[in-house]
Amino acid sequence: MYHENIRTDLAAEIKEFRKLTENDGFYDETFDKDGIKFREVRILNDSAAKKIGKPEGTYITVDFGTAFEDEAVFESAAEIIAEKIRTLVGNDLEENILIVGLGNSNLTSDAIGPETVEGLIITRHLKNHLPEIYSTMNLRELSALTPGVLGTTGIETAEIVKAVAEKTKPSIIIAIDALSSRRAERVCSTVQMSDSGISPGSGVGNHRMELSKKTLGIPVISIGVPTVIDTATLAYDTFEVLCSKSDSKAFTELVEKGVITYRTVCDVLGDSSANMIVTPRDIDVLVNKASRLLAFSLNMALHGDLTPEEIASLIN
Amino acid sequence: MYHENIRTDLAAEIKEFRKLTENDGFYDETFDKDGIKFREVRILNDSAAKKIGKPEGTYITVDFGTAFEDEAVFESAAEIIAEKIRTLVGNDLEENILIVGLGNSNLTSDAIGPETVEGLIITRHLKNHLPEIYSTMNLRELSALTPGVLGTTGIETAEIVKAVAEKTKPSIIIAIDALSSRRAERVCSTVQMSDSGISPGSGVGNHRMELSKKTLGIPVISIGVPTVIDTATLAYDTFEVLCSKSDSKAFTELVEKGVITYRTVCDVLGDSSANMIVTPRDIDVLVNKASRLLAFSLNMALHGDLTPEEIASLIN
Amino acid sequence: MYHENIRTDLAAEIKEFRKLTENDGFYDETFDKDGIKFREVRILNDSAAKKIGKPEGTYITVDFGTAFEDEAVFESAAEIIAEKIRTLVGNDLEENILIVGLGNSNLTSDAIGPETVEGLIITRHLKNHLPEIYSTMNLRELSALTPGVLGTTGIETAEIVKAVAEKTKPSIIIAIDALSSRRAERVCSTVQMSDSGISPGSGVGNHRMELSKKTLGIPVISIGVPTVIDTATLAYDTFEVLCSKSDSKAFTELVEKGVITYRTVCDVLGDSSANMIVTPRDIDVLVNKASRLLAFSLNMALHGDLTPEEIASLIN
Amino acid sequence: MYHENIRTDLAAEIKEFRKLTENDGFYDETFDKDGIKFREVRILNDSAAKKIGKPEGTYITVDFGTAFEDEAVFESAAEIIAEKIRTLVGNDLEENILIVGLGNSNLTSDAIGPETVEGLIITRHLKNHLPEIYSTMNLRELSALTPGVLGTTGIETAEIVKAVAEKTKPSIIIAIDALSSRRAERVCSTVQMSDSGISPGSGVGNHRMELSKKTLGIPVISIGVPTVIDTATLAYDTFEVLCSKSDSKAFTELVEKGVITYRTVCDVLGDSSANMIVTPRDIDVLVNKASRLLAFSLNMALHGDLTPEEIASLIN
């Protein structure tokens, strides 16, 4: 029984790993638009939520693949991501939104949230301080927060977000975070958007107080890009693929005897690996580009009727 | 009458510029310890506060001079800064403190606050999560926040700090910020500490809601290091010194006719200079070092009975 | 006689300051294309070179003004800068070029050169290692070097460049550097291109061995963007404008008596100001954007027949 | 026969992996001083060099372990590293040294070389420009170069170093680089020093022209700190340990059938993993600290009779 969890924040990956099907309470459909693939997994009931270990809700992944090498792909990807954000957030420009950049801005692989926030068109203060200008532009009221991480603030991230949200009263919160994935090909090339909130650091084993409608009283949309793979997940997965390609019965034997499980792999990797991650060699560059893509998509999704050119000039 | 204000955040500099004396309601004393000069200016009453344009309270400056070239001076300076912080904060380790790193971490000359926070020994979460370890160490409960700036969050900094403080209930707030000074020799070589709170950006003309006991309901200690000089202040000051060295009556004439005032200098510098600052060429390096000095001093001042070596190892 | 030099690296500014005219041996024409202004100053003979204090040659400035707020202006500016680079470099793709990013990458205001180099499409190694791919693309052979600065290498920059050029044998060298200007409105909004080489740090008073055909034996094109104003230049200029607006004779008197000269202003500013510069408050952001503009323009100018989209995808 | 190479730059690790002994032509001794462990492996002849796949010479590793948490360990480690550098370089202050910071300063895990160079006390220009000051200090002539990487310069790193060394004529070159190791516990906690030169990128599979006495005509000392583990090495190693702990014969079977080899693991990981590395989560912080340790040790080793305090103040 090797169905213990590998580490990943992507609902689609857990569903595959656990071999869950529509009969288990899932909707799962894959689409293609302008050459960009996207997939929508819905966890339809509490039983399905328990099986997959994530809360009920909609989880959309968009594979933006070669968006960083090809400006046309970048723009197609941004449009699809923006469309999906609008699906989750709604189109009512009267709804004002607080965007939260989760993660530690000083650790490259964790900096997607704070870096994305830097590229956003923030307007809440314009509405208050320059109402005449604000009213002529087709903008939504956006504010943003980069709350830091527990280790450097001493305060639970969710506590900070809750405190600020109670003062500024956004109608929706969007939380941006770096995720972990199972597969190397998804690192820095896919984005997951969900309406079910987020537990900061959940994919990497540091469970924190979640940000969700339950804890904050406001709908929380989460958006994340995987930047790392857990080392034990990589090692376990490699082994599994290797053996599946062999016609040896050795694999079956090792699994049946419980020699090879995700847990035993973790034990072997031990303490000195606990703080290790698998990440692209050029993670600095990729985090920067992924953040630019997310900011671009969010600006397109949340403000009204701005052309790509207008957004480009505003976030330049 | 050229007594309109030049731009500086240092109480001692405004007092000198406006030629205010003890008779105007000030205490002003200069000290020397281990070769480090420090000065205490107290604004004693409301009338003095109006004359100097800053709230009543104590303003201590420590000139740390060559601390960045000489490790021994660094340590002497840190000890004096720590002693002065303790004077303002008190020695009761039961008081828990929220440290706020003001300013924009992405603009070098504004990053003193956020960079200082990175070097602090934060303990609030240890107290909650690892009480047995926490209790064996002689540590104070510290938390920290880097709220960002209005332009990137859309939320008044003071609003964010107030919201978080209402949740976490610190007994004292310490706000760290980059300041502006009048004199080049004080840039990145002096620190001002005060018990009268702070208006973020006040020295550079962007008046914001202040952080003080009045607005937050909690005592606010402010600590700042000047990183810039206002361009008009530099130009005006240069002219004044130049003419004072001459025995020409031309200066008097130009001043009497109102040709040379701080205001006319500002007008000449105009819009394209409004966003310019005077700053050291190696500001990147100096901000990094000044932040290290402040963090070192704060750790020494706020936690109990840690030796310099222990602090060095903790903040390494 | 106040015709001693203020500090600026822009030939056009020195010419104006010294009131030099075509009769002194200059060609000077201003153009306008797609709303972008550019200007060509040619120093036509040795006598003109002595009067202006710069070597004979062509100095082209392009004012890219609002290119950072408006994507359309960015592209027009890039096309004009590219066209002017081609004018100086020539269109022969057989000429291989070494691009040198001068300056200290760790000091924000000095980092234009190194940051520009990061955005270039470098091809020399492709030609050697992947000749079949290289030959199908319409690319020029480009290599690049960021030699550092004397203070951190202990080696004259020109020595390093000369050593490498003797090995790699480029037919042309392009040197990118941060400059100083006289006027605030030119900082981070103009670019100067010249065929007369460059003396690293010349605008800021640190004279170094020049990079030129004379010292390197290869034509040296220099490209620079002003990022700072010298403090004494700012103060002196402010005074001059102030007095020119007044009908007082005081100014004339102060000048005639030699009270106000660029030299006396420098003396007043003194040692503690010697290391100060005037720079935009958001210099971090502007240097990043200016470097992106230069890299974009260089890629467009030097490689053959690539569309803006292709370049965008290659340097993304 | 699974003796194909895993990826590591540490001679001691390859020797262990290949089960080589003193009889194969090695000297191998481990020492302990002030609680710091260090080890000297000498590859004594050509046959041994072929067996281990590295050139003849001395390879010293120092495990600096908890140096980043404990200032006392930091100083002990620095003293031992300095002593070993002096062993390799010699004590003759007349020998002038060029220090080369290899690697890409923009990729965190590759930035050890460039970051170390930033912390060095460089003196070559002082000797030339300020001979009177230089002569009073007990300093060695040091210069430094950060040549960049092939992908961004288009020029082989060794070509650049050779060109500059031919001009500046150092008597010894010290090359600093980021390495890869096999074991997680060695990442950012050990340093390898060798007198046999270096092949930039050799540990990570990008073979480049080596820097050695053979190619440069000058002795090349290499100093490196592992910052990454190769993903296939991690996965293969995990499997090996896992199976060694089991009494199942499945492992033997899988190895005998050639199902599990370093090569088959590489194949499974495939293209999308080729660019992945295993690295500490807080690599940004660790690279910074390791560079500080190396610079501190080099300054202590290479300049004469400076106390730790003097060095601290000079590199501050």
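We just call them A, B, C and D in the order they show up, numbering each chain from 1.
Assume a contact is a pair of C-beta atoms (placed from the backbone, for glycine too) under 8 Å apart; a residue touches a chain by one contact, two chains touch by 3 or more.
Quantities reported herein were computed from a predicted structural model and do not represent experimental measurements.
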Problem - Fewest hops from chain A to chain D - one hop per pair of touching chains - result: 1
Completion exercise
Computed over C-alpha atoms, the centroid farthest from that of chain C is that of chain A
Exercise for the section: For the copies chain B and chain C, give the interface type as same if over half of its residue numbers appear on both sides, and as different if under half do. Expected result: same
Fill in the blank from the handout: Note: chain D sits from chain C at a C-alpha centroid distance in Å of 39
Completion exercise
When centres are defined as mean Cα positions, the distance from chain B to chain D in whole Å is 43
Handout entry: chain B and chain C, separation of their C-alpha mean positions in angstrom
Key = 36
Practice task
Going through chain D residue by residue, note those that touch at least 2 other chains and give them in order.
Solution key: 106
Exercise for the section: In the complex, go through chain A and note every residue touching chain B. Expected result: 105-106, 117-118, 122-126, 141-146, 148, 150-156, 159-160, 162-164, 166-168
Fill in the blank from the handout: Listed in rising order, chain C residues that touch chain B in their complex are 106-110, 183-185, 187, 204, 228-229, 231, 234-235, 238-239, 241-243, 245-246, 248, 250-251, 253-254, 257, 259-260, 264-265, 268-269, 272-273, 275-285
